[in-house]
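Here the structure is laid out as structure tokens; the discussion comes afterwards.
We just call them A, B and C in the order they show up, numbering each chain from 1.
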Amino acid sequence: MGLLDVKDVGKRFGGLKALSDVNLSVKDNSVHAIIGPNGAGKSTLLNCLVGKLIPDSGSVLFNGASVLGRKPHEINQLGISRVFQTPEIFGDLTVMENMLIPLLAHRDGAYRLHAYSSVSSEKDLTTRAEEMLDEVNMLDKRNMNAASMSRGDKRRLEMAMCLIQDPKLLLLDEPTAGMARADTNNTIDLLKEIRDKRDITIAIIEHDMHVVFSLADRITVLAQGTPLVEDTPDNIKGHPKVKEAYLGETA
Amino acid sequence: MFGLSRSDLRLMCVVLALTLFAPIILNPFPTESAMAQFNAGYPDLMQRFVIFGIFAIGFNILFGLTGYLSFGHAAFLGVGSYACVWMFKLLGYNILPGIVLSVIVAGLFSALIGYVSLRRSGIYFSILTLAFAQMSFALAYSVLSNPKFNLTNGETGLQVYSDDPQWFHSDRLPDLPHLFGIPMRATHQLNIGGWDFQFNFGYYVCAVVLIVAFYLSIRLFRSPFGMMLRAVKSNQQRMTYTGLNPKPYTLAAFVISGMYAGLAGGLLSAMDPLAGAERMQWTASGEVVLMTILGGAGTLIGPVLGAGFIKYFENIFSKINDGVLHSWFSFLPDGLENLMVDLVHPFVGKGWHLTLGLLFMLVVTFLPGGLVEGGQRLGRLLTGRRKASSDAEPNPTPAE
Amino acid sequence: MDAFILQILNGLDKGSAYALIALGLTLIFGTLGVVNFAHGALFMIGAFCAVTLNKLFSISFETVDPTKTDFLGNPLKVKTPYLESWFGPELGGAIIDWSVPLSLIIAIPVMIAIGLIMERGLIRHFYKRPHADQILVTFGLAIVLQEVIKYFFGANPIQTPAPDALKGVFDLGTWLGLSLPYPIWRVFYFLFAVVTIFAVFAFLQFTTFGMVVRAGMADRETVGLLGINIDKRFSIMFGLAAAVAGLAGVMYGPINPPNYHMGMDFLVLSFVVVVVGGMGSLPGAVLAGFLLGILESFASTTWATTTLPGINQIIIYLVAIIVLMTRPRGLMGRKGVMEE
């Protein structure tokens, strides 16, 4: 049994079958990529994992506990963090505040009425946030308004916000979408560093084969809402079914 | 000190000084001089400054921080007023139980309305709160004033009658609102030179409440809770995926601001023991929105400034009549004088609301950050340097 | 049975006004994405178009009628409207008598112009601003318009009578063998509202202009990509919506004498109507307008007000809250309109 087990998950939108019989197991401490052509159901699957959508059938177990029917914030509190395709950060707040919010959420839970203490008295959290910012080379931007940063910085900030919560599972939704080659390589390096340095499991949804093959330990190929194969990158590369369904059109 | 940073402490001291010395500061012109009409140091007006300041501070906690635009906050003010007068009727004229109850009742009422309204966001939220407030107004105005169950006394307004129980009233106590025997109306007159200063007990009661309310709002702004509220405004999606539930945060902000409104309503009744339904009308809700925006939504001092500004000019403008205008423009040749008077006439006196509406449009269009932003811009222009971002107020533009 | 039908009929005139205002609000909201708090003021300005025209028509000169004297024996001064002296008492009198319906002709260009000025001069600058700003600036505008009218026309309601031919009561039930006495002008108002509504729908349905606008309502960006100057069309839409509100106002004068705050009074309820109907849905706005008008009429019956005192005052809000809680999108709302 893996860290995340998806069993027989199905999801329909009206008459459209978005997912059917999805089975997938993400092993602890691995990088698991989910690939597939457009409309294969990758995003739907992701949304089912984080609680934005509720599957019609099947089960999703995280660390042995079912996540179905839980709200997104509850699922995050279990240890799943999500990075969005376009960075989602608190634009009106400073970089430092962006880091403090996940730390507070991690420490105090989904809601706590801390209306009388001061943010600046949270020395421990501030130190941890500074360390994390230092790690992603953003310490000098700590007082900047997050919205005024470049897209690359926003992406790094979002990643840092997720990592600072020490998630067991990090979900990445096309982290390199729309990026130039150089940026893509930087992101790959960043992710490799995260993988090597931390006790973390990464599930990544990606379009870019280059990213997938340089990072993933296992790959699930999704086509028309069902997993086609699940295997190591080397086996996937030569797999005829995959070529036919996915690589065939791009290679 | 007091858990405040140095700049916040400075702000606090300014507010403290302004409110405590208001009877002097607001009376700069000698009583006999022609300019005396611009004085604002009367108890009645100063009380209104402070009470509406409290109302706006509370509204700002909701709108300024979370960006949820409520068009129904006057309902909480009205409920607070009624609750306070009921305490007068039942217990006696001591204002303490009345004000405590008005905060509690407004808190409960806002929890109810907030729970329902906050299930929707954006424009739906605004319309829902508007609908609730108008419903409360209709309830107070007619429904709850029938002979069988008269809670509000309808059109006449709720007031104390001689046959009310007033269980704790005794002959030694004044027959009007008081705090442990000292009547709200008690005023000490001080004549220095041509100046005439009035130190009113009721005003100082309100001032102390304002200072406490302001202090609490600074604490809230700088707290993790305040930061979460700004996060609600900034990006709710990110908030949820960071493991936070925005709902209880916004509801708490709604209830807190409702309690501030109730407090303001209670104080209004404490100064003048008559509560009418018109306090709940949606134009009254619009007024507090205006005060907050005009001063600077999302800033600490803005709402207080906005409330003071509007209440001051409301008072001054309504007093300016054609006679005053003629005396102003008397230095001009006759034809020009009459023209100027005719031009200005629509905007003063009874035309105050016209000025108010224009002001509203101008501020929203050109100065969304309100007076505070205007002041900052002016300051930057004068000193010729940019303010460091570290002491800047949080971004004041309201969002969905 | 008679009473039941009569209550429905009683709800129709208010329902018509709600439907017309809500229709305009929805047009503006659906095309421009703007929540217009000044829309009630447009309704009010329409009503004052009729007031103005009525006053203009009645401008009179005084003559001394030597044949008559007043009770003190002095010669009697007689006021004669200029119109009567120009066109003769017959025609001139008729023109004055029919001033309200005639105002429609004046009101259409006036209201379109006001709408265009509003859109070009103010609202255009707020398309990209948060909805809160749009609400606030139009709220400010509503106050200004209301105060301007108050400045020129005073605070008291002004009588604007219907033409003599359309005064009085008409028994709608004669053919059915029922007794349904009903003011003729209200019938007229209802018919007028229906015609206007159909005209708007036909315009949107059958003209190229309307098709583009409907496409724009559904997906603004795509239509913009097609190279159609959608912004220009949208401002014309604003003019049209202003005209619809204005016409509703013109004709409402004889039902309730216009005063400066009638716009605000109707606006809050019309918003509720829009929300109940479903934001962005034109049929929803019309349906909800009539439904809520009729509902209000039923809640105003003696039976209802004695059972639940004041129910007529709050019924619309109650319904709105229930609808929003159970069907957040309203009766006929589309998905994705103003959600987050």
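Operating definition for what follows: contacts are C-beta pairs under 8 Å (C-beta built on N, C-alpha and C of every residue); 3 or more make two chains touch, one makes a residue touch a chain.
Computed from a predicted structure; not experimentally measured.
Enquirer: Based on mean C-alpha positions, which chain is nearest the centroid of every protein C-alpha shown?
Expert: Central by C-alpha mean position: chain B.
Enquirer: Farthest chain from chain C, going by the mean of C-alpha atoms per chain?
Expert: A
Enquirer: Centroid of chain B to centroid of chain C, CA atoms only: how many Å?
Expert: 34
Enquirer: Measuring from the mean C-alpha position of chain A to the mean C-alpha position of chain B, what distance in angstrom results?
Expert: Chain centroid spacing, chain A to chain B, equals 46 Å.
Enquirer: Could you please state the distance in Å, as a whole number, between where the Cα atoms of chain A are centred and where those of chain C are centred?
Expert: The answer is 53 Å.
Enquirer: Which residues does chain A have that touch at least 2 chains other than itself?
Expert: Not one residue of chain A touches more than one other chain, so the list is empty.
Enquirer: Find every residue in chain B that makes contact with two or more other chains and list them.
Expert: As it turns out, chain B has residues touching two or more other chains at 399.
Enquirer: Considering only the defined contacts, which chain A positions touch chain B in the complex?
Expert: 50, 71-74, 76-77, 81-82, 84, 88-93, 97, 100-102, 104-106, 108-122, 143-145, 161, 165
Enquirer: Considering the complex alone, what residue numbers of chain C touch chain B?
Expert: Against chain B, chain C makes touches at 35, 122, 125, 129-133, 135-137, 139-144, 146-148, 151, 264, 268, 271-272, 275, 279, 309-311, 313-314, 317-318, 320-321, 324-325, 328, 338-340.
Enquirer: Considering only the defined contacts, which chain B positions touch chain C in the complex?
Expert: Against chain C, the touching part of chain B is residues 63, 67, 69, 71, 116, 119-124, 126-128, 130-132, 134-135, 138-139, 141-144, 146, 236, 282-283, 286, 289, 293, 346, 351, 353-354, 356-361, 364-365, 368, 397-400.
Enquirer: In their shared complex, at which residues does chain B touch chain A?
Expert: 3, 5, 219-220, 222-228, 230-231, 233-235, 237-245, 248-249, 252, 256, 389-390, 394-395, 399
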